[in-house]
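As structure tokens, here come the structures.
Below, chain A partners chain B and then partners chain C, in two separate complexes.
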Partner chain A sequence: MTNSINEFEDADLFFVTGTNTTAQHPLIGSRMINAVQQGAKLILVDPREIQLAGFATLHLRQNIGTDVAVMNGIMQVIIEEALYDREFVEKRTEGFEELKSVVSRYTPRVVEQITGIKAADIVAAARLYAEADKAMIVYAMGITQHVTGTDNVKTCANLAMLTGHVGRPGTGVNPLRGQNNVQGACDMGALPVVYTGYQKVIDPAVKTKFEQAWQVEGLDDKAGLTITSMMAAAQRGDLKALYIMGENPLMSDPDTRHIELALSNLDFLVVQDIFLTETASLADVVLPAASFAEKSGTYTNTERRVQISHKAVEPPGQARADWEIIQEVCRRAGYPMDYRSPDDILQEINRVTPSYAGITLDRVEKEFGLQWPCPNEDHPGTAYLHKDKFTKGLGTFLPCDFKPLAEVPDEEYDFILTTGRVYYQYHTGTMSRRIELLEREAPEAVVEVNPDDARRLGIRNNDRVELSSRRGTITLKAEITQRVPHKVVFSTFHFREAQVNLLTNPAHDPVSGIPEYKGCAVKIRRCA
Partner chain B sequence: MKTLAKKDLVDVLRYWTGHCTVMTPGRKSHDEIVFDEFDEATFTLDYRKPSLPPKSSCLPQSETIFQVDSGTYEPRISEAKVLLFGIRACDMTGILQSKSFMTADTDDVFYRARAENLATVVMACSGPQNETCFCTTTRSGPFSKQGFDLQFYDVGDSFLVEIGSDKGAVLASAKGFAEADDEAARKRVELFRHEAQGRIALLPEVSQAMERLERGGVSEELWDKFGSKCIVCGGCTYVCPTCTCFNVADRHSGNGGGERIRTWDACLYAGFTKEASGHNPRKTQGLRIKRRHEHKLLYYTDRDTHEGLCTCVGCGRCSDYCPVHIGTIEVVKAIAGEQS
Partner chain C sequence: MEKTSTVCPFCGCGCNFYLVTDKGRLTGVEPSPQNPVNKGMLCAKGWNSYEFVQSPDRLTTPLVRKNGELAQSTWDEALQIVTAKLLEIREQQGPSALAFLSSAKVTNEENYLFQKMARAVFGTNNVDHCARL
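So, the complex of A and B:
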């Protein structure tokens, strides 16, 4: 997030898209609800009628996968009606003419054709967003999990820069990260292209810096593979071994049947996790890891806040903290890694990561954590980014054209399946499905079907239905609900008994490698 | 009546720890006040209303109630003796109300064992602990009238100590306590009570809401409005001194044995009332919120109130902690303010 969680209470307007916030980030959702009840406006762009729809000033239900067109349309109106922040655009950005030329094609009438949103609503949204003093764009996986995920994110940034809604409290572009430490994992370089703090592996100076820090030579200066490319390489036989930590791709990756083939094709698979997951069941070696309560360290949350977590109980059996396992593996492989504690590791992070330089154990302990960038020990941390100046200097508009879903419905596969989560279960259920109360609340996979579609197909509430894509078939219970629009069905990937990712499309974003979980073509029929 | 010099309190607490587990307020990291085992380093008398009521002393958040192994059954009935030092009168009333609710109709042996082994030392409040206190309305504070073993009144350098039971008399026989059964001490306590009561504003909307509920005059729209913004965290029930609903589950150990556990539950969850058929008599979040507040303000018996107004004890925690402001204060104000 460019901005901070507490700023939600003071914003004037939220532009919320691709996040079921009250279900997945309920405490952020509650801040939005409180702000709306105090007079803030809410523009919700979401195909589903989620809880926040009840608080929306405008609820725009776009056709799935048309987000670029929606926001281009809004920007077209903002430029056409001269509602953009002229001073901000002139002083702090570049590429305005290119943006203008691309979005000029997206008139409200054209956008209505693509997105299914009424032209008048596009105009209304544009005026509301541009005219608000403090407006926050808030998104989650509904924006990123598309073949156009990167384009979607760039377009969000274009919209914020065009209106100067960035670099001040209560503004910005705010992706809500899905896990307590997904921000931290990215910050620490658990990505194929960067070291900590997003220092690029292809940069020779960065390479030298880490070689010196770690007293080694010949660090790889080529970008690595994304998960989707790894699986493809494994299937081709180009990738021989995988070491998977805290991830359950056999449930969470798209087109799971192919994932199983890919993993089976490996010479060697190691899985490190707190429970024996579906993926771990395929492993040659399983390394038992300690859970959050059984180890100490820091997490970095969605607002870039580094927070401390103390060990509360000893790990069971042979389980150890991840860092201890990795260290032991490195030692056996011949590298004398020698950290004594999580604090040792944090001190190295401080030394090699400019944005984390001032985030010491002592400070995070005393100060309810610290938000990066925090370049030295006297720096108070950063509540919001891009004040006065973007990291790279001028903010560049990166206009994108609308591209459709990789797999659009046809005569046979005539529905769009969009996937997500429910409040009570977490990801592939490795943890949450072991909690009796959560299982009581959400015991099985359900597919949401619109009442008109259900009537036409002879499906009644709680009927078992068969859901098929070109990649597989699952059977699960139908919930008849207005929450989903016509010709769209929604389900979740929590349940091994009805693995929705057997159906999803592995087509992925060319830059980030993220698969298109949010839309693929399916057919649905009542089970005989 | 007894008296105890403040400087002797730590010695008394230390003495009591020789006889039972003593729970006291402690100032933990980031100034959080937590009731925890007595620890001289963190013990404090400068505390207001702790975030959580002391209900886990009788109903732990999660507990094993029995274990089975091939052919054997072993109930887990607690024998631990626990003393709660410094609880507030509202929470004392909560313990009393919960105890009769949990043991009178159906004897919950697991609960009763803990409740009977519990000793309570109330610290009378000299005024509101924060802006959400309304115990004078619910007649559950600022001092306790019954149920406590000892009640402390802070009168400066010393405490005046009221003895409420035989158990309390034994506790107050510890070194440091002195007799103070004189007219002056009684007057001092009377004055303390009178002043404390005067400092805590009445919340007339509580009785108004109770009357309205009794008449059936609350609109469904009011509940739906609260329901539409509830994020279903269940926090209001977890911080409530009188919410005692629990879920029961079996955990198999894999070799023919296992344990039955129970954990706190919340009527705010749809699954709490959902029936096997899938039908749910409380089918919307609004109806579930309605049910919760009716249980505090409408459906209770005089047996369980222990001279309180109802089964809300006015601690105000639900209003303190609900992220979207659906606490009892907000609810009774909305009901009382609704056009009839």
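So, the complex of A and C:
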């Protein structure tokens, strides 16, 4: 997030897209609802009638995968009606003319045809967003899990810069991170192209810095493989060994059958986890890890706040903290390591990561965490980014054209399947399905079907239905609901009994590598 | 009864709460009122987050595949196999034949160490995690 969770209280308007916030980020969802009840406005762009729709000033239900067109349409109106922030655009940005020329083609009429949203609603949304004093864009996986995910993100940034809704409290572009430490995993360099704090592996100066810090020679200076490419390389036979810590790609990745083939094709698979997950069952060696309650360390939340969590109980049996296991593997592989506690590791992070330099254990204990960038021990941390300038100086508009879903419906596969999560479950269910209350509330996979489609297909509420794509078939229970529009069905990836990722399309964004979980072509019929 | 301050293991909001323990067993959750993120509130996942920790399904020993089946093993044997295999594959096929998948659920310190292991010890940038989900 460019801004902070507490700023949800002073924003005048939320532009919310691709996040079912009350289900996935409940505490942020309730902040938004509170603000709306105090008078803030809410523009919701989402094909489904999620809970937030009940609080929306305007709910735009776009055809799935048309987000760029929606936002280009809004920007076209803002420029056409001269509602943009001229001073901000002149002083802080570049590339306005290019943006103007691309979005000029997206008149409300054209956008209505692509997105299914009424032209008048596009105009209304443009005026509301541009005229608000403090407007926050809030998004999540509905924006990124598309083959055009990077374009979608750029387009959100274009919209915020055009109206000067960035660099002040209560504004900005605010992606909500799905898992408790996604932000931290990225910050710590668990990415194929960067070390900690987004320092690039291809930069020779950075390479030298880490060679010195780690006392090694010849660090790899080429970009590594993303998870999607790892799976492809395993299937080709180029990748021989994979070490997985605390992830369950066999449930979470698209086109599961191919993932299973890829993992079985490896010479060696190690999985380190707290449960014997679907993925761990395929491993050659399984290492038992401690859970969050059984170790200490820091986590970075979606607003870049680094917080400390302490050890409450001992791990069961012989399970050990992940850091202890990794240290032991490194030692045995001949690399000396002697960290006595997570704090020793944090001190090394402080030394090699400029944005974390001032985030010490002492301070996170005393100050309820600290938000990076925090370049030294006297720095108070950063509640919102891009205050006087962007990281690279001027903000560049990066206009994008609309591109359709990688797999559009045809005569045989005539529905679009979109996937997500529900309030009572979490991710692949490894943790949440072992909590009684959650399991009671949401015990099984359900597919949402629109009433008109259901009538035509002879499907009644709670019927078992068969859902198939070009990649696989699952059976699950139907819920007949207006929540989904015509010709769209929705389901979740929590349940191993009906693995929705057997169906999803592995086609992915060329830059981010993120697959298109949010739309693939399927057919549906009642089980005999 | 003791209270230990922790961060919720589920979504990215980063709510804080105290885990309540009694004689080394977790008995419940108490939200942290002063914390600026959640100000004393939690959702259903946070309130019940201690339950899975004590699930009987937890892994308690290393497992090693023998004759096609995963069998209980010791740390010494399991770690010996892991390092020997990874080093052997690196030796024969080069570091790019190895890959490492880190986790959006473990701590910063553990993510740091994991990518350091991939890069400094095994010599590859083939390291990623499931941020995409």
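Criterion: the second predicted complex is superposed on the first by the 528 of 528 C-alpha atoms of A that agree within 3 Å, B and C clash if a C-alpha of one lies under 4 Å from a C-alpha of the other, contacts with A are read in each partner's own complex, and residues count from 1 in each chain.
Following the convention adopted for this analysis, a contact is a pair of C-beta atoms (placed from the backbone, for glycine too) under 8 Å apart; a residue touches a chain by one contact, two chains touch by 3 or more.
For clarity, every value in this text was computed on a predicted model and none was experimentally measured.
Novice: Please work out whether A:K295 is in contact with chain B alone, chain C alone, both, or neither, and reply first, second, both or neither.
Specialist: Touch partner of A:K295: chain C, not chain B.
Novice: So, does A:A120 touch the first partner chain B, the second partner chain C, both, or neither?
Specialist: It touches nothing on chain B or chain C.
Novice: Which partner does A:N34 reach: the first (chain B), the second (chain C), both, or neither?
Specialist: first
Novice: Which holds for A:V306: it touches chain B only (first), chain C only (second), both, or neither?
Specialist: Touch partner of A:V306: chain C, not chain B.
Novice: Once chain A of both complexes is superposed, is A:F55 in touch with chain B (first), chain C (second), both, or neither?
Specialist: First partner only.
Novice: Counting only touches as set out at the top, which of chain B and chain C does A:N462 meet: first, second, both, neither?
Specialist: Only chain B is touched by A:N462; chain C is not.
Novice: Determine, under the contact definition given at the top, whether A:V511 touches first (chain B), second (chain C), both, or neither.
Specialist: Neither partner.
Novice: If we overlay the two complexes on their shared chain A, which of chain B and chain C does A:R440 touch? Say first, second, both or neither.
Specialist: first
Novice: According to the contact criterion defined above, which of chain B and chain C contacts more residues of chain A?
Specialist: It is C that touches the greater number of chain A residues.
Novice: Touch test for A:Y335: chain B only (first), chain C only (second), both, or neither?
Specialist: second
Novice: Taking the stated contact definition, name every residue in chain A that is touched by chain B in one complex and by chain C in the other, in rising order.
Specialist: Overlap of chain B and chain C footprints on chain A: residues 26-27, 30, 368, 423, 436-437, 441.
Novice: Within the complex, which stretch of chain B touches chain A?
Specialist: Those in contact with chain A are residues 29-30, 228-229, 231-233, 247, 249, 263, 265, 269-271, 278, 323-325.
Novice: Which bits of chain C are touching chain A when the two form their complex?
Specialist: On the chain C side, the touching residues are 2, 4-16, 19, 21, 24-26, 34-38, 41-45, 48-55, 57-65, 70, 73, 75, 78-83, 85-87, 89, 93, 95-117, 119-133.
Novice: Under the touch definition given earlier, write down the residues of chain A that touch chain B in their complex.
Specialist: Those residues of chain A that touch chain B are 22, 26-27, 29-31, 33-34, 37, 51, 54-55, 365, 368, 423, 436-437, 440-441, 462.
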